[in-house]
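Shared chain: chain A. Partners: chain B in the first complex, chain C in the second.
After this line comes the complex of A and B, so read on.
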């Protein structure tokens, strides 16, 4: 049954996956375009690393986008078909959701692999001055873990009812609005920062998104 | 036209007034009056500050020759830090650490119960609220070391300004020096990274101070430095437009000496001093500032302090320490990776428990 579900999910999301895969392959190559091998050792390394770091900001964005699109395409047809197909299967709901989750994780491996291949190609094509190193595998690993966390979060929201999604979005929107009102009222109360710290600082779920997303560094 | 003549007339009548006000005697009188007012205000401030100080309950903490004053509410934490600060200062500077004796170092925490204590003294260490004893130690070491270093000869302070003190918060930050060594665009720094100790001497400003423009930089460095000076006429412009190296050389020589950058940062020089003092053990600092060594090249003075036969040994040791401190800037630690997997699994389980279609 897993193979059938994987196949249907692949059919629903292959075009989107192709676009994301191309972007994932191109990103490492684009990030090293500022490295000039003909001027080896004489260019401004700091400036070059700053360029690589700027491109690096797009890795977590791409991981989030891939996860979001995949989670939505995973549940989209089920929601549209009022879950008739799922209900007709002789398995409990949790089993069906687990199969869907697993199939999504397998498909998520494609953009991760493309980041890795792109990073390996970019590393091989770049002459670096002594002291600098390339990190294609760690970059791909970080991308994969970030995509996994984001996919799980979006999958959980998509798997619920519209009401659940509305409540989650409402809480986030409410916090942002509350913070804005507090800012306008010129108070020192900060409701967002503690929350963001809990989310992004160890052992928060989004800690993997922080840090340096550098293909080239010291 | 009548409006034009009106403007001319107004200007003609208004102009002599400010010109007359700029007479020398009037200006002197104004300066004297303002100076008097400033001195009066300053005297009032000093008196008001002393009243505030008299009201605040402070403790004096002593450790060796170190005397630290702190508000009573934070005295406990400060006392914990001062003792280890003195031990560190004594270990680094030996008998010279006693140069701190005439100074009382005032330690304040931001938002302390007694409020900010106004001191005129330069020996004030301001720390964040609820600073730890370790932070107190590091900053008292930094301040005490700067006091000790302020008594050094000019050759030593020209090489490394006294405010940069060994043993302070910058200690154990060789990772910063590593990044500096690797990312510096200067050729001497790059060659130093590759193991050229002669280049290390230039990159660390140990040699070549008599003609840094030629000794510390090559033609490409000079052009790169001049390129960042901004738009100026003359040699700067000619150099920026691809003129011969002589124009870049001349443009750099027109700069004040303080504006000529060193190939490596001051943190690198501080780390070298720290390496020399650590290698030399007790008495290293006294050997460094021995009057008989003043005037010798800086690398020889440091090697003497380190108790090493040659400056090559010292530079090799420093370079090895720096290379060993390579920071792992891009990595995914095992706990972070497992946490991501765990969070992914937990969120997945949440999806399995969803109530949809139940």
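After this line comes the complex of A and C, so read on.
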């Protein structure tokens, strides 16, 4: 049963996975493009790390994009058929959703593996100055965890109706608009900051997306 | 008589459409034709019956299990062909079979292969490229090869050409004759149901108009030519569905529950019965709906 669901999801998302996988492989390689170990002074090392950090901003973006696209392709065909087929299958709804979620997680392993392989290749190909280390496995694990968190969120939203997605987007848009109005009105009230702190600062669920995503660091 | 499907006091609402006080009884082993015009609530009733939709109130029992609480167990024993094709169109025929088979412990690969040949479907054909007829045959194949005790078919032959329709119905009748399965088939193709069903339920505007054995339905509805009819029919032994004036003193009455001895009624009211015309199912169906919608026309 799981194998069949996994196969269908693979078939729906394989082209997208290929593109994401290539990007995931290329990103670590691109991030070490400017690294030249010869004649690096302290200033040059700081500049090099700043360059790696800039590239590092793309990892959470790629993890989010992979999760979003995978979640959408997971539910797309069921949405098109108004879920009639899925609902008529002889398993409870929660079981079906769990199988689909599990299959998506397995497929997410592909871009994570590509980040890891790309990071390993980039690490092997780079001759680092003394005092710097590469962290390919940590980077890949972090990428995987971020993708999993994003996938869980997008999966839950995609599983609902268009109305559910609309309500979620409406709430987010409403908060942004409210904050803008408060800013224009020159009040000291900040509705977004407390929310963002709860989400992005530990133990917030999205904390994984923040901080430095570095393949090379001290 | 045991029932494969029992619905009691069912109520459901979606927007302005409403199903009210619906009661349906489908005898075990019967072929039950569920008739009704488009938009009458047939598909909604079927979706409620299978637990795809949740009613506001009422009870639904299918194959002895309560819906929706026991839906997975019921669905494992039920073959369902929905009104619109619902399969994943990115799959091939072989992949669709493998996917479907994985969910049904009673799936019969030998028979599925046999039906593939019978329906002339190629394993490597993509579902997106199947014609409407081929898709209809594949849907029926999937429902039959899981060897269900109950088949719920929602307009399974709608839009199919006569050859495909015959293939699909032949496979269905073969299965029923082998397995003694119960079949619940909705359609607005009245003549099709007339040939194959032994029970009929008629639905209109979210309510069940009537439910009775097919032979009673077919034989009980007549069109009578009545000469010198009474202005007020009074207490008739039959149900007067409609009366229409003809030439002079001749009227046409459409009646239900007719039996030959009832002719004496006309002598009793000073009228005479000139002709009794048998109505086929379609004519009876139309008359029934007309009376249901305009009850004041009848007696």
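We adopt the following convention: the second predicted complex is superposed on the first by the 211 of 218 C-alpha atoms of A that agree within 3 Å, B and C clash if a C-alpha of one lies under 4 Å from a C-alpha of the other, contacts with A are read in each partner's own complex, and residues count from 1 in each chain.
Throughout what follows, a contact is a pair of C-beta atoms (placed from the backbone, for glycine too) under 8 Å apart; a residue touches a chain by one contact, two chains touch by 3 or more.
Note that the structure is predicted; figures quoted are calculated from it, not measured.
Once both complexes are superposed on chain A, the partners chain B and chain C fit side by side without clashing.
When both complexes are overlaid on chain A, the residue A:87 reaches chain B and chain C alike. In the superposed model, A:127 makes contact with neither chain B nor chain C. Residue by residue along chain A, chain B and chain C are tallied for touches, and B comes out ahead. Residue contacts after overlaying the shared chain place A:3 against chain C, while chain B stays out of touching range. By the touch criterion defined above, A:33 reaches neither chain B nor chain C.
Touch criterion not met for A:54: it reaches neither chain B nor chain C.
Legend: residue contacts after superposition of the two complexes on their common chain; A:190 is shown touching neither chain B nor chain C. When the two structures are aligned on their common chain, the gap between the nearest CA atoms of chain B and chain C comes to 5 Å. According to the touch criterion, the shared surface of chain A, contacted by chain B in one complex and chain C in the other, consists of residues 87. Residues 1, 3-4, 7-8, 11-12, 77, 81-82, 84-85, 87-92 of chain A are the ones touching chain C in the complex.
The part of chain B that touches chain A in the complex is made up of residues 178-179, 181-185, 190, 193-194, 220, 224, 326-327, 329-332, 335-337, 339-341, 343-348, 350-358. Within the complex, the chain C residues that touch chain A are 47, 50-52, 71-76, 80, 82, 84, 86-91, 95, 98-99, 102-104. On chain A, the positions that touch chain B within their shared complex are 41-46, 49, 83, 86-87, 93-94, 97-98, 101, 129-132, 135, 138-139, 141-142, 145-146, 148-149, 151-153, 155-156, 159-161, 164, 202-203, 205, 207-208, 211-214, 217-218.
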